[in-house]
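Each in structure tokens, the structures are laid out below.
In the two assemblies presented below, subunit A is common to both, partnered first by subunit B and then by subunit C.
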Partner chain A sequence: MFAVIQFPGSNDDRDMRFAMKSVLGVAAELVWHKNPELPPGTAGVLLPGGFSYGDYLRCGAMARFSPVMTAVRRFAEAGGPVLGTCNGFQVLCEAGLLPGALLRNRDLDFLCDWIHVRVEHAGAPFLSRARAGQVLRLPIKHGEGRYAIAADALAGLEAGGQVLLRYCTPAGAVDETANPNGSIGNIAGVRNAAGNVMGLMPHPEHAVEALTGGTDGLALLGSLVDAVTAAGRSR
Partner chain B sequence: MKAVVCVMLKPDVLDPQGRAIQRACVTLGYDRVVDVRQGKVFEIELRTEDRATAEGLVRELCEKLLANGVIEDWRIERFAD
Partner chain C sequence: MSVRREPSVDLELAREHGLSDAEWQRILELLGRTPTFPELGIFSVMWSEHCSYKSSRIHLRTLPTQAAGQGAGPVDPGSAAVGTVLVGPGEGAGAVAIGAGLAVIFKIESHNHPSFIEPTQGAATGVGGILRDIFSMGARPIASLDSIRFGPLEDPKHRMLLRGVVRGIGGYGNSVGVATVGGETSFHECYRGNILVNAFNLGIVPQDAIFLGQAAGVGNPVVYVGSKTGRDGIHGASLLASAEFDEQTDAKRPTVQVGDPFTEKCLIEACLEAMRSGDIVGIQDMGAAGLTCSSFEMASRAGTGIEMELDRVPRRAANLTPYELLLSESQERMLLVTRQGAEQRVCEQFARWDLEAVVVGRVTEDGRMKVRWHGETVVDIPVDPVAENAPCYERPIRVPAELGERQKLDLASIEPESDPQRALETLLDAPNLASKAWIWRQYDSLVQGNTVIGPGGDAALVRVKHEDGTPTDLALAMSVDCNPRWCWLDPYQGTIAAVAESARNVACSGARPLALTNCLNFGSPEKPEIMWEFAESVRGLGEAARALGTPVISGNVSFYNETRGQAIFPTPTIVVVGLLDDVQRHAVSHWTAPGLAIVLLGETREELGGSEWLAQRRGLEVGSPPTVDLAHEHRLHGLLADGVAAGEIRTAHDVADGGLAIALAECCFSGPERIGARVTLDPALRLEALLFGESTGRVLVGTADAAALLARAAAAGIPAQRIGETGGARLQIGSRAGTAWIDGELERLAAIWSRALPRRLEEGEGAPALAEETS
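Our next item is the complex of A and B:
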């Protein structure tokens, strides 16, 4: 069962549940942020997009102190897969479960668009359904998505293969013209050192049906389903 | 006791808001404005009159909540009664 965490101000929680439940056919439940525990049988945690706590102070800064985050941290430390999209990515960075931080977009615009990202490293649990070098077309919608990290920490991320997705042209070229928000190294998604926590600014849950623009989000969410099923912890 | 805390983006972190404000200054004719950095100021009312207690508390708050050490620096501007 996948737990989709609901903070006050989350707004992609239901879309995430829809993607998991109705499109991928696995159990997924909304879990209110005040819960001190994850439901029994939780095999994966999804932190959705939105504007938790109105983005006050910094995006994700308040949500990290929600009671459920203690349980999410425990789950992550025990090796459970955790995926944060957009605001969920910001929350994971603020909570220290992922390296770096997300800042106001380079050009100050709120971006709402379809972009392309290149898969840098394929493999479980987040990208087993993709291959390295593959270009995914996904939507973004954020005002604060500029990934930032100190130079030495960035070198560590690169060396450890923790950069999973980079903004690129439709042909897969990673250059400044394809960088929507000024993220360092065109970084769109990273994982932790252990490999079980990932965050990304694009929205895989909004790209799960051809009717609404594309299905490339399934490369990510489907991989997560495969990983959880393989671990025998599903449903 | 009241504490005033200032949080700024680290010097090497791009501040597009500050840059936009600097450009606006120049547009208004203030062409001697060469750089602007935008930060946050917190005025914090504390239930203590002891300076050392207040300082310890505010430091803890800055590290835990008010600033994100990955991208921001903080400083206590002053204490006032």
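Our next item is the complex of A and C:
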């Protein structure tokens, strides 16, 4: 079962549940942020997009203090897969579960658009259904998505293969014209050193049906389903 | 007893509150005494133009508010057929049955005056207010549109206003998690002293679970929920929205409220949860005139009274007086009536979302509004005379003396267009016709995962889900439209054209027009010429709504849109909502593939009055707007829905502002990839009318089966001609004889079109001439 954490101000929580339940056909539940525990049987945790606590303070800065985050941290430390999208990515960075931070977009404005990202490293648990170099078309919608990290930490991130997605042109070229928000190194998604926590600014849950714009988001969410299913079998 | 420094109430004070001498007399007679200061405040807001519709009601009564064939009596919401109007005007918003056990609820509302004074908060709270109208009826808001109008972008103030309004709409809508799926933006000198911000929202509710703003059940608790009450927005409705602007306008900034989308988001979720619990009897937004308006309206609808302890109202400012508490327009507040004994449970439910819910009073049977403060009765007035029997005026009407002058256009005296290519580029660069992507890219158009067609198309198309997330096959199409120049030249024809265009846009997606809402923006109703515009506009609205089978289910009137005596063009903003049975079968407004046949449905006439070409190329805003054949429109909409359902129509794009050449260009480059077109036309008309005329009732279609479509059109009695084919990287329009009128690379044309807005906003002082920009 996937736990979709619902903070006050989460907006994409129900969409994430829709993607998991109605499109991918796996169990997914909204879990209220005040719950001190994850529900029994939680095999994966999803932190959705939105404006937790209004994002009146730094994005995600309040949500990381929600009671459920203690349980999420425990879950991650035990190796459970955790995926944060958009505000969820910001929460994971604020919580220290992922390196780096997300700053105001280069052009200052909120930006909603379909963009392209290149898969830098394929493989479980987040990108087993993708191949390295593959270009995915996903939507972004954020005002604060400019990924930033200190130079030495960035070097470590690159060396460790932790940069999973980069903004690119439709043909897969990573250049400044394809960088929608000014992220360092065109970084759109990263994972932790252990490889079980990932954050990304694009919205895979909004790219799960041809009817509403495309299905490339399934490369990510489907991979997560595969990983959880495989873990369940081996248990 | 507390000591308050309240002014003594007399005629002079009543006048300062915007009440007329006759209205003051009426208050004295109703009460049989001089009102208290808080009572005077209540009368002034409840009888303001904004809250009472005192100048417009007599006209609005003529509008059709039910579906064709729907009986006059009340409907059984559980079993009503698709298209039945379940709730008409008078509630927070209107509701129509759409099938699958669901109803759609929608409304458009103005927030013009606040947005001119403080664009970001003004626009933001406009979005917040319309959302509360929708979810207070039990519906989950799923899609927003906006219609925004400014003065020329050469004016730095209006660049600032545009930026501010867009930031406000986006900041609120994005944060609250409701997709902004479309809208319209235009610029004209007439809005220099008075911008327009009209916000639309649409929600979905189980057909048999619609909530009304009723304070029913004597003894039931009245519960206050949401933000604490402050001093913001006092007299926003009565003094700001119900008077024109003058030199003191800036001093009214404190009457603008401040929005808190985070609280609104929590309110949406908490209210929807509470309404599902069965504990809620009635619920209403505390909108214009705040606590006063909501409690009066709720009691009036139920034929009850309300008793309230003002001391219990949560406050965020010290020393608030009863007057201020009753009239504050602090945002994100709701008034609920719960079942007796359920109040504790309801309050706990709101506490889960960290929202304050407090019992502030109870429903009574005496039909009076009684308000106590520190144990003392400060308000005691009968509900009905204030809420229901507000003044109603039949204001004098006069045809504007210069109307004939406005409508005079002698085409023979208009110099012919010598450079159609240049004309096309000028129009593509005109802010009114240019791409609005700079605006809508700042709006989350995807949240909730239902957006099939988002901003940039003719109509937005949104798939319908049940509350538990289960998708249906249904989709709703919606489009907001008005051509103010046409309405100024002829408010009756212009309004008919606005309804027709909105319905046509909806039909272009494949949906069948279902019902409409409207926001009527006008100048001062105290001027007979403005009242004439209004009456003519409402007459046109009623006629078009009847002819097209789209009842008027909700609406809003915004008068006093003028500054120092200068009124805006009459701007009746229309939103038609349509229903599509099978969301998989829909059309888009751009070419989907090369090699498709291009068919033009409808007839092009020699109509240039009020056209964008005439304005841009000849500097004239005169003539009569194009006529609308409503019977033709109705048939055309049916043809589109049938053709899309049959799979014959893949692209359908309304031919509107800028005419055929602009519509063709938009088909070529408003999609995800650019696809060119080669078109040949018969030069039977003046070239300008052929290329840039704005005859109504026309749609460009892209089809893989032209023969079938032409046959279908013939059977439906719609003129149709095959005019070209899609493909290539150029837009080419020429005569059958081989004359090339327009031949441009898409890349170049698209650049002009998409850069027109951003370059004007980026350039600090004025924009460079088109030639420098594009050569």
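One rule holds for everything that comes next: the second predicted complex is superposed on the first by the 232 of 235 C-alpha atoms of A that agree within 3 Å, B and C clash if a C-alpha of one lies under 4 Å from a C-alpha of the other, contacts with A are read in each partner's own complex, and residues count from 1 in each chain.
By our rule, contacts are C-beta pairs under 8 Å (C-beta built on N, C-alpha and C of every residue); 3 or more make two chains touch, one makes a residue touch a chain.
These figures come from a predicted structure and were not determined experimentally.
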Quiz item: Taking the superposition as given, does A:His206 touch the first partner, subunit B, the second, subunit C, both, or neither?
Solution: second
Quiz item: Can A:Arg166 be said to touch subunit B (first), subunit C (second), both, or neither?
Solution: neither
Exercise. State whether A:His116 touches subunit B only (first), subunit C only (second), both chains, or neither.
Key: neither
Quiz item: Who does A:His33 touch here: subunit B (first), subunit C (second), both, or neither?
Solution: neither
Quiz item: Touching A:Arg104, do we find subunit B (first), subunit C (second), both, or neither?
Solution: first
Quiz item: Of the two partner chains, subunit B (first) and subunit C (second), which one does A:Arg191 touch, if any: first, second, both, or neither?
Solution: neither
Quiz item: Looking at subunit A, does subunit B or subunit C touch a larger number of its residues?
Solution: C
Practice problem: Could you say whether A:Cys93 touches subunit B, subunit C, both of them, or neither, answering first, second, both or neither? | Solution: first
Self-check item: Which superposed partner A:Lys21 touches (first subunit B, second subunit C, both, neither)
Solution: second
Quiz prompt | Contact residues of subunit A, present in both the subunit B and the subunit C interface | solution = none
Self-check item: Complex interface listing, subunit A residues touching subunit B
Solution: 57-58, 61, 65, 93-94, 99-101, 103-108, 146, 148-150, 182
Practice problem: Would you mind writing out the residues of subunit A in touch with subunit C in their complex? | Solution: 8-12, 14-15, 17-19, 21-22, 32, 34, 50-51, 53-56, 109-114, 139, 141, 143, 203, 205-206, 208-209, 211-213
Quiz item: Considering the complex alone, what residue numbers of subunit B touch subunit A?
Solution: 9, 13-14, 16-17, 20, 65-66, 68, 70-71
Practice problem: Would you mind writing out the residues of subunit C in touch with subunit A in their complex? | Solution: 170-171, 174-177, 260-263, 265-266, 352-354, 440-452, 463, 465, 469-471, 583-584, 672
